[in-house]
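The next block holds one structure in the form of structure tokens; read it before the comments.
As written, the chains take the letters A, B, C and D, and residue 1 is the first residue of each chain.
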Amino acid sequence: MTTWVLTLSCPDRPGIVAAVAGALAGLEGNITESQQFGDPETGLFFMRVQVACEADRELIAEAIGAVGQQFAMTWNLDEVGRRMRTVLMVSTAAHCLHDLAYRQRSGQLPVEITAVVSNHETLRPIADFYGLPFHHVPVVGGSAESKESAEAELRRIVESTGTELVVLARYMQILSDELCRDLAGRIINIHHSFLPSFKGARPYAQAHARGVKLIGATAHYATADLDEGPIIEQDVARVEHDDPVAQLQAMGEDVERRVLARAVGWHAEHRILLDGRRTVVFH
Amino acid sequence: MTTWVLTLSCPDRPGIVAAVAGALAGLEGNITESQQFGDPETGLFFMRVQVACEADRELIAEAIGAVGQQFAMTWNLDEVGRRMRTVLMVSTAAHCLHDLAYRQRSGQLPVEITAVVSNHETLRPIADFYGLPFHHVPVVGGSAESKESAEAELRRIVESTGTELVVLARYMQILSDELCRDLAGRIINIHHSFLPSFKGARPYAQAHARGVKLIGATAHYATADLDEGPIIEQDVARVEHDDPVAQLQAMGEDVERRVLARAVGWHAEHRILLDGRRTVVFH
Amino acid sequence: MTTWVLTLSCPDRPGIVAAVAGALAGLEGNITESQQFGDPETGLFFMRVQVACEADRELIAEAIGAVGQQFAMTWNLDEVGRRMRTVLMVSTAAHCLHDLAYRQRSGQLPVEITAVVSNHETLRPIADFYGLPFHHVPVVGGSAESKESAEAELRRIVESTGTELVVLARYMQILSDELCRDLAGRIINIHHSFLPSFKGARPYAQAHARGVKLIGATAHYATADLDEGPIIEQDVARVEHDDPVAQLQAMGEDVERRVLARAVGWHAEHRILLDGRRTVVFH
Amino acid sequence: MTTWVLTLSCPDRPGIVAAVAGALAGLEGNITESQQFGDPETGLFFMRVQVACEADRELIAEAIGAVGQQFAMTWNLDEVGRRMRTVLMVSTAAHCLHDLAYRQRSGQLPVEITAVVSNHETLRPIADFYGLPFHHVPVVGGSAESKESAEAELRRIVESTGTELVVLARYMQILSDELCRDLAGRIINIHHSFLPSFKGARPYAQAHARGVKLIGATAHYATADLDEGPIIEQDVARVEHDDPVAQLQAMGEDVERRVLARAVGWHAEHRILLDGRRTVVFH
């Protein structure tokens, strides 16, 4: 029997859970996991349901579609455990690539890495080691033209591989507003800082200069407004007065890869729903 | 409109969520929070639902009762925000009493402390400060007779005050098996250690001797099998080689009161369900 | 035998440790704790030494004074365990006052609270409970005149009680630049946020709106540049999408009091030295 | 100019710091880091000093040797940054090997991995990827004979490569008492549990059955008394009621590799000194 994951959001009103549960019960589905959240501020209702069911996708989609129409839902249906097709974008820092590739291979992350795209050649050997297709897509001198052609190439890769998720795994280029909009909610970035602190360049040097006692990392969806996209996950590590910037950086890398891996995993399992500038995370 | 909290458990099978949600929808109830868990090992299903509803308690109980019979449920219905009547049992350590009394008064804990019971007079001034009835119930020399009469007195206090929850807030006496059984799932203990480590006396001295780098605390339901009751919550703090036992103890007290306050709050909000030797915590 | 704590800073160069240790050895002192840090960026050297010694204060001060002159040191000598005379300034939030007063009484904090000063009457009962002198020093309408006279009164209290440390334990008034300068390095503030995030008013509401997954608190020395004083300690707690602002606030209070207690304790034990905008914390 | 790291321990008495600092000052050494600890229980004194000095090793050793004799010290002198020659022993779990190899290559760990030794062929490709010599040393059927010959082979590898440290990076074989004694204080093990909890087999299954809310890992020196060696570092991760054993294992792996990497780094930097059953960690 297949287990399905259904996510949905709609304006909050009585009867939603009953309608959804009723539709699934009508298909002899057994709900194995269910979480919901009504946001009193936005008036929106969010739900994630896992249901074991012998009916096929069409039958389920039909049943849910009827309920969806009744409640003006945005909804999505997927198979639990299906590996989400994912592109990793990197520059020269290896730690996130290593970590995600390792976790994919060891079965900890339900993703299929369809391509590693980089503006440098540096990390090709790591992609090779894990048997991942590597695409060198240079951005020469940061010129507008070069960026545009790089993004066009990225779009070609995303489309030709049927990619669903783009992970900026320490990719040091800013994506265009247009690309962020087109792939809204499908690009995850790891920010090497505890947002909203220390935006911009060299955050660990900024953190060191400010004398902070904790450093952090933030995984968020990329939006046109740089570093302001909805936050998915954050974590911190403790630093001391005698930790030089290099040590902060090493510790920061550990936090980054941990935070990014969690965010990617939750996204791939459809555990994250967008609620305006915020995220609902059913973990 | 009142918001109700319904908790239930029963053997897992298809249709439970639909039946519950349908019953509540039939009363025009609006589900505002819902969590569930099917334990593949015990085959049991657990659910906690908050529902805003204009129907009165009897109508809701009737509707749920019908579903409950159909699925062989154990279920409970309460009003959200109602303060659970709670007895605190203490000996001479003040930190947990202080913390719980402060949190009650500042509205952070949905409990009403009906009595502070102690085998010592030491903490009476704190109870007085917070305006809490204090009962000195001595256990003289730890004799069986004295314990028995102390427990009888405790039972009288619990009954006469309509107390629903007993919190062992660093009460240094062992309760009888009989009392643990009679109040099963209604007595919360804070263990000054990270169970299953360091059971028994002087855990911080044991931890120091062993040279651990983390100390912890565990809140659990009291059972006849001392220190083996279902764990509700645990947390830790980091220690260094030059922290003497007294420092471990001070840090340990901080962890204890934090962990105990969380456990009491979750219990009072009906967020904890028993699943054999384990707890399901819907937080 | 008395144990002394010596703290010092000076331009870094060879021979400092040997000179200090030699001077103390000349007095038959036994060094029981010693920490040091040379900051490569500022070129400054920092040291904290605990020494058990039968010589009296004058003899030790003379010996250290000679070394101090040789190396152009700023230094301080105190008795280990002496309780630092401390004023707590509060407004209406009780959690930090409760916590510090409780820790003083239970011997966890080496401070003697000489006065609780507040611009409100709200917390007088708590001060009374702990037997602490309470001074109501109103700031009427926030007028410049009223602030000035309140600060004058605060100065009188600080001087007449021989107070060494002022703790802003959720005191919701901004101190004048002049007072911050006069008591530089002797005023500790708890900021209800994870600086440098969310400065200014209602940080928990800001944090909630931004959808952060961690909230934090920062203890720092107060300076004229609000919220920019040297950071002493920071900590965080994890929040979820369904935690309303009130819940963030309750969790935030827990973090605040923990962080503030650590900062006050370290200061009272002379574990914090100022290194420009940063702190050296020998814990 | 070379920076040296000196570690020492001896019976505690006045004058040790002065004597050491004086000896180094006599060589025009500049102490850049210094930490010490006097254990009141064992009466032992521990110290770690980093000193920048133009004198060569012989001169320094001579000066320290004289002081060492005076105070009956055990002491060690090494160059800061020298990479410690290290053998990794593994079985089939890849996470610790991956992590340590990655950290070595990226310059985060001051070790030189001289060999990867395994009783299985499984992880050879990872060793190859990182360019590390891989030795398959099977232990057939766990027979005493096979174990003996495997240990003899391990000793040969350790000796022929001038290896100073052996890391049991999830090596699932028990070493002989004799080997543990011969390499006392030079074998680091990662225990997949929060010692002293859950010794023995399948700790994550044990932890799940017990319903713990935190899982942890412990790095310790290996001794003949299995799982009882001096603890170096511990850390934890939070688990929920609905995390199956496999999830606990995945989270546990993250904790394990983090904890092990810290322990190996501290050992390689001579930050750990043995104090009976406990460790002094100068980090």
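Operating definition for what follows: contacts are C-beta pairs under 8 Å (C-beta built on N, C-alpha and C of every residue); 3 or more make two chains touch, one makes a residue touch a chain.
Everything numeric in this text was worked out from a predicted model, so none of it was measured.
Undergrad: Tell me which chain's centre, taken as the mean of its C-alpha atoms, is farthest from chain A.
TA: Chain centre farthest from chain A's centre: C.
Undergrad: In terms of C-beta pairs in contact, which of A-D and C-D ranks higher?
TA: By the number of C-beta pairs in contact, the winner is C-D.
Undergrad: Same or different for chain A and chain B, when you check if over half of the residue numbers at their contact belong to both copies?
TA: Same: when the shared numbers are divided by all numbers used, the fraction is over half.
Undergrad: So how far apart, in whole Å, are chain B and chain D when each is placed at the average of its C-alpha atoms?
TA: 41
Undergrad: I'd like to verify one number: the distance from the centre of chain C to the centre of chain D, where each centre is the average of its C-alpha atoms, in whole angstrom.
TA: 37
Undergrad: At which residue positions does chain A touch at least two other chains?
TA: Residue numbers touching two or more other chains: 33, 37, 242.
Undergrad: Along chain A, where are the residues that touch chain B in the complex?
TA: 12-22, 24-25, 28-38
Undergrad: Tell me, which parts of chain D touch chain A in their complex?
TA: Listed in rising order, the residues of chain D that touch chain A are 33, 94-95, 98, 102, 106, 108, 129, 242, 250, 254, 258.
Undergrad: Considering only the defined contacts, which chain C positions touch chain A in the complex?
TA: Those residues of chain C that touch chain A are 37, 40, 194-198, 209-214, 216, 230-236, 240-242, 244, 275, 277-281.
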